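The next part holds the structures, each set out as structure tokens.
After this come two complexes, each holding subunit A, first together with subunit B and then together with subunit C.
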Partner chain A sequence: MRRLPRKDAVIVGLGWTGAIMGHELCQAGLQVVALERGPWRDTASDFNIGTAPDELRYGIRHDLFVRTAQDTVTARNRMDQEALPIRRWGSFLPGNGVGGAGVHWNGHTWRFLPSDFNIRSHYLERYGEGIFPENHSIQDWGITYDELEPYYDRFEYLAGISGEAGNVKGQILPGGNPFEGWRSRPYPTPPLKMQHAQNLFQRATTELGFKPFPLPSANMSQAYTNPLGVTLAPCTYCGFCERFGCANYSKSSPQTTVLPVLMRHPGFEARTECEVVRVLKSPDGRTATGVVYVDAQGEEWEQPADLVILAAYQLWNVRLMLYSGIGRPYDPNTNEGVIGKNYAYQANSSVNGYFDNQLFNSWAGAGSLGMTCDEYNGDNFDHTGLNFVGGANINCSTFHARPISARPVPPGTPRWGSAWKKATRDNYLTTTNVGSQGSNMSYRDCYLDLDPTYKDRLGRPLLRMTFDFKANEERMSAYVTDKMVPIMRAMGAKQIVATPKRGPWNVVPYQTTHNTGGAIMGDNPRTSAVNKFQQVWDMPNVFVLGASAFPQNAGYNPTGTVGALAYYAADAITQQYLKNPGQPLVQA
Partner chain B sequence: MNVRSEGFQMSDARLSRRTLLTATTALMGLVAAAASARTIQGLPWTGNEVYPPPEVRPGPWLFFTPDEASAIEAIVDRLIPQDELGPGGKEAGCAVFIDRQLAGPYGRAEGVYMQGPFPERPLPTQGFQSPLTPAQAYRKGLAGLAAHVSRNFGGRGIPQLSGEELDRLLTSLEKREVNTPEFNGSEIFDLIFNNTMEGFFADPIYGGNRDMAGWKLIGFPGTRYDFRDVLERPNTRYTLPPVSLIGRPDWNRAGGRG
Partner chain C sequence: MRARLLAAATGLAALIGITPLNAAPDNFAAVERGRYLVVLGDCVACHMNPNGEKRGAQGFVGGRPIETPFGLITTPNITPDRETGIGTWSADEFYRTMHEGIRPNGARLYPAFPYTYFTRMSRDDTDAIFAYLNTLEPVRNAVDRNTLPFPFNIRASMLAWNALFFRPEEFRADPNRSAEWNRGAYIVEGPGHCGACHTPKNMLGGDRSGDRFAGGPLQGWFATNLTGDQRTGLGNWSVEEIVEYLRTGRNARSAASGPMAEVVEYSTGLMTDPDLRAIAVYLKEPPAQAPAPPARTPIAAEDDRMKIGEALYVDRCMACHTRTGQGVPNMFPRLAGSQVVQQEGSETVLRVVLQGVRAAYTPHAPTSPAMPAFGWRLNDEQAAAVTTYVRNAWGNAAPAVTPADARRMRELLRDRP
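Right, the complex of A and B next:
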């Protein structure tokens, strides 16, 4: 193993959080190197309009995601089962290469509700201990919405998010989300144009007493130049967003917001196809001294650095911490230790509506084109007597109708033959969907550790995921899905099929790439891996970015909060930590 | 390179990336010359030509044996029959599509985690757990199927079955009713079924969805990439024909590129 010259900071992974942190550290004058296991990717060369809209290549064969032969996880539902490797991605789709999953996300860009951050104490105070599910490990985040607000704002203005504010400095505004936390100013760009399905949804929900509002979107409603001087172009509703790179510069991603500035920063260097295999520690085990990585030729390098930033996505952050012996691994039997603890996911549901006389043309859509209602999210509704914690947003979004994967037919239709062919033709343009994005609480027996059997290509144990949807999530999902059916009826569907979330969790159908927890934040080193600045309690020169910090997951997509936390950590490093490096920012 | 407003920054980023890679290479003491494997003399292109993905053309089978190919052609034509709504799976090129997929990285399970152990009975929630690559699964599955048909249909092969017989056979495979020690009926059914649907609805560059038959059937307009006008006219039938990554048969000149 050869040793390279020291850097001020090494960043593991050049996706959303790595790019944001890289830029902030370079601005503070640091010499920064980012190591990215996947290839270089850029709009003009890699997301070209003549090759990008290829459903088979990107949507079905997963060309932009990490190959399972390079990195995968093993999965099981319960601790008494044997975990098996995910050989073909299904339930979630981890990113790879410059831009990370920020290249091929859908762009729903949310803030969590204020009460999501102190969920444990909030529910305890309002409903008493009895509301919490059996075996739960729900925790407060150790940070408040008010502390995070300026950083949500920074991420939204970096990314040019299109939306309609519902609460500016406490003033509730028509057309926005009346339940959202206060925001210091409106969204940087107005909402996207809506499709026919959203128009019907808006009418139906308004009649039923909901307050629908546009889904906050990282697809641009108009051209936008962000504070770094990088310009995004208007979205063209091409229908190739999630799982695809955008050929239009109209979806916010590291490529379209940060990298054009970061890549030419004199303090910055990126090395692609370099996979970090572990973090190195000082002999006393209290500081990280750098990382070891393997390049494309299979050669090992040591990169010494004063500051180590893990920005490798939730799963791989946790795996690197377990490999490197950072923090104490979680033990579900004793409930002690923290690394791997509180793995959670997202409990989504859907209601399909088959119509006679409406043409939805759903192939004309954008990743986050949608209308949403938040009446049944978080604790926006009274949970007394409901016997569950959490909730879900209800949305009607039109993001694609790519024909290999999106050909809805009513139940009872044969899967092939002439009857199938006719039903496919009759329903393709006339079906739409109302969905819910549901919270997922944390439990003692849902966690990540290292697999005892299966190894990766370098001979290291794979990450093992033990996870299932619990009764709390099933009850929540059934309750919210019940509220969605009347909406679909009011929209005029002739046939309605409701699919609330039920266990067991299955690795095959795509659900969401919203994996959370495993290196959670909190105010106590006994029960959390990082403090509110994302700094490792036991190793103050290591910061861990991403949804690995979520103690449980809320009823929204994660990246708005992931981006805000990255900015919050960056400010803490540049304004506090660097004055006194190597010290914890919060006393344990 | 200046695509849309931000182009100059993007091209700058590429430049700095190039310098960065060179710097890294030098740092690591590697041979810098290896970076430019392609030598360009003068212009990096030939006049009046661009280079879209080369289209898959019908022709000799690359993976299937003649027997396998005729069995697959018969099956895809029952899964998607030719009828008053349009071409069937065979005419739409589904067998060609599958053949080319199996001859390529998909068939070899390239990039797929293939390390064992492979347990006998994975949980239904644990997904795909076969030690066989798709190419191996087809070879083995089609041989098993041929033997099964020969035993049960008086020595005939799949192409010799009537449409009705073949439908009955496929239904019993789909319902997991046919399993012998050497061959798992539902596994081969699922594989052929999924690949047939892919072939019928994927971009025609892969050899299936010929003349965009699948897209025309349902009304998918393809890769036009800009549908802002559609949002101006909600609930209106879209009447323009579909476009693929290689254009449209009626505007590609005869004897065009290939």
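Right, the complex of A and C next:
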């Protein structure tokens, strides 16, 4: 192993959080290197308009995702089962390469509700201990919405998010989300143009007493130049967002917002196809001294650094901490230790509507083109007697009708042949969907650890996931899905098929890539891995960014909160930590 | 003993007020001016390391092959290395090189090195550049300077060329014009050497002086017309728009790409605002310029080439450039009324369509968006039709592009990544 010259900071992973942190640290004068295990990716070179919307290559064959031959996880539902490796991604799709999942996301950019951050104390105060599900490990985040608000704002203005404000400095505004936390100013760009399905949904929900509002979107409604001077172009509604890179510079991603500036920064260097295999520690184990990585030639390198930023995908952050012996691994039997604790997912549901007399033209869509209602999210509704914690947003979005995967035929249709073709023809333009994005609480027996059997190509144990949907999530999903059916009826569907979330969790069908937890934040080193600045409690020069910090998952897409937390951590480092490096920012 | 003698001699020199020959004066002011003059002259664009490295001395190590109609010319090392650079040159020799195109060893330079423009620079300015170049780290980089094929490799032939097309003379200000205009004239006609690309050349590579700034084909691009012509020139551009373009690489009308992207990145984007304004003021009122190109009427929309071109445009181009050719400001260039699109020669449009292009990067406009290549999905007829369409839609008017033009461009691009 060869030792390289020291850097001020090494960043593991060059996605959203790595790019944001890289830029902030470079602006503060640090010499920064980012190590990305996937390839370099850029709009100009990789997302050619003539090849980017290739459903077979990207949608079906997963071209933008990490190859399972390079890294995968093993999965099981219960602790008494043997976990098996996922050999083809299904339930979720971990990104890879520069830009990470920020390349292939749909672009839903939410703020979590204020009560999501103090969920444990909030529910306890309002409903008492009895509301919490059996065996839960629900925790407060150790940060408040008010503390995070300026950083949500920064991320939204970096990414040019299109939306309609519902609450500016406490003033509730018509057309926005009346339940959202206060925001210091409106969205940087107005909402996208809605499709026919959203118009029907808006009318139906309004009649039913909901307050629908446009889904906040990282697909641009108009050209936008962000505070770094980088310009995004208006979305063309092509419908190739999720699983695809955007060829039109219309979807916020590290490539379209930060990297054009960061890559030219004299203090910054990115090395691609370099996989970090562990974090190095000082002999006393209290400080990280750098990382070891393997390049594409299989050579091992030591990169010493004063600051180590883990900015990989949630699963891989946790895996790297477990390998490197950072923090105490979580033990579900004793409920002690923290690394791997509180893995959570998301409990989504859908209601399909088949129409006679409506043409939706779903081909023209955008990743986050949608209308949403938040009446049944978080604790926006009275949970008394409902016997569950959490909720879901209800949305009607037209995000694609791609020819291979979008075959919305009603139940009972044959899987192939002339009847299937006829059903496709009859339903392709006349079907739409109302979905819910549901929260997922944390439980003592839903966690991440190292697999005892399966190893990767370098001989390291794979990460093992132990997870299932619990009764709390099933009850929540059934309740919210019940509220969605009348909406679809009011929209005029002739046939309605409702699919609430039910266990057991199955790794095969795609559900969501919103994996969370495993290196959770909190106010106490006994129950959390990082403090509210995402600084490792017992290794102060290591910061762990991303959704691995979520103590449980809310009823929203995570990227807005991930971006806000990255800015929050960056400010803490540049304005506090660097004045007194090596010290914890929160006293345990 | 020897040391004492030397000391005595130096003392004597000080006493009678002369300095020893080799002592460098404190030339701080000259070096500062020289650094900026190097920006005005865009020296880095040609003399930088061909691997793209251009920080510090790497911007001057030479070796970059420059395309000329007569073959490739490789640029020399102008760092102060004594063996492979200009380390042994005197300021007089440097001035003669800039002013007359003759190197210290008597060899005549080709006008790919634009001494035909640099000749207008003052001795003060060439001295300042020389002083700056001498602050660079000497880099050893031997460059094969004789890459032109026969008969152009005979440097003595430049004697005759110079007699025909070149008269060494320094710039003389026009007392009837403003200081700003004169400053612009000095930059444009001197260090900036704009005409080197934007004035068409005769068969022997000399400027066609009657066609000043008419634009012309160059290195597989078409350098745009810079006259006051409304359709193909800068007639519709305001001074502010020219300044914005030169400073940031783009404005609401256009985006710099190809060789002009390099000019913006290495030169105009680093100039002071007063200098950019001076350039714009001069370009809006040049002393003489080419006659306006012939008036044109657009090719009729019913023409088959236009119909095919329109269908292709709607299918392939409109998502970014929009149905009405307006583009997206600062991202996707406006095609309706575009100067670039309506040049007499179709080289730039064809090249951009076939090969794709990346807009200039400047700190003011860091996005540097790119148009992808379409050459792999358009045949020659289609490429000709779609370029003919954008040259003649929305009130544009320019000569049709033929499939043979497309084929020639494709061949030209084969070995140019």
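Definition applied: the second predicted complex is superposed on the first by the 588 of 588 C-alpha atoms of A that agree within 3 Å, B and C clash if a C-alpha of one lies under 4 Å from a C-alpha of the other, contacts with A are read in each partner's own complex, and residues count from 1 in each chain.
We take it that a residue touches a chain if its C-beta (ideal position, glycine included) is under 8 Å from a C-beta of that chain, and two chains touch if they have at least 3 such contacts.
Here the structure is a predicted model, which is why all the values come from computation and not from measurement.
Overlaying on subunit A: subunit B and subunit C, fit or clash?
They clash.
Pick one for A:A223: touches subunit B only (first), subunit C only (second), both, or neither.
It touches subunit B and subunit C both.
State whether A:G50 touches subunit B only (first), subunit C only (second), both chains, or neither.
So A:G50 meets both subunit B and subunit C here.
Thinking of the overlay built on chain A, is A:A233 touched by subunit B (first), by subunit C (second), by both, or by neither?
The answer is both, since A:A233 touches subunit B and subunit C.
Have a look at where A:N135 lands relative to subunit B and subunit C in the superposition and call it first, second, both or neither.
Neither partner.
With the two complexes superposed on chain A, say which partner A:P403 touches: subunit B (first), subunit C (second), both, or neither.
A:P403: touches subunit B, not subunit C.
Quick one: is A:Y249 in contact with subunit B, with subunit C, with both, or with neither? Answer first, second, both or neither.
both
Please indicate which partner A:T68 is in contact with in the superposed arrangement: first for subunit B, second for subunit C, both, or neither.
Once the two structures are laid over each other on A, A:T68 reaches subunit B alone.
If you count the residues of subunit A that each partner touches, which comes out higher, subunit B or subunit C?
B
With the two complexes superposed on chain A, say which partner A:R264 touches: subunit B (first), subunit C (second), both, or neither.
In the superposition, A:R264 touches subunit B and subunit C alike.
Taking 57-65, 363-371 or 381-389 from subunit C, which overlaps subunit B after aligning chain A?
Answer for the clashing stretch of subunit C: 363-371.
Would you please give the residues of subunit A that touch subunit B in one complex and also touch subunit C in the other complex?
In the superposed arrangement, which is not itself an observed complex, subunit A uses residues 43-45, 49-50, 223, 229-234, 236, 238, 247-249, 260-261, 264 for both subunit B and subunit C.
In the complex, go through subunit C and note every residue touching subunit A.
316, 319-320, 328-332, 356, 358, 361, 363-370, 372-374, 376-377
For a test of understanding, state which residues of subunit B touch subunit A in their complex under the given definition.
1, 3-7, 9-17, 20-21, 23-24, 27-28, 50, 52-53, 78-81, 83, 85, 106, 110-115, 117, 119, 122-129, 167, 170, 174, 193, 197-198, 201-203, 205-206, 214-215, 217-221, 223-228, 230-232, 234-238, 245
Taking the touch rule as given, give the residues of subunit A at its contact with subunit C in the complex, in rising order.
43-45, 48-50, 223, 225, 228-234, 236, 238, 247-249, 260-261, 264
What residues of subunit A sit close enough to touch subunit B in their complex?
That would be residues 2, 4, 40, 42-45, 49-51, 53-56, 60-61, 67-70, 72, 75-77, 81-82, 84-88, 90, 193-196, 199, 223, 229-234, 236-240, 247-249, 255-256, 259-261, 263-264, 269-272, 295, 301, 358-361, 363-364, 401-404, 407, 415-418, 421-422, 424-425, 428-429, 453-455, 504-508 of subunit A.
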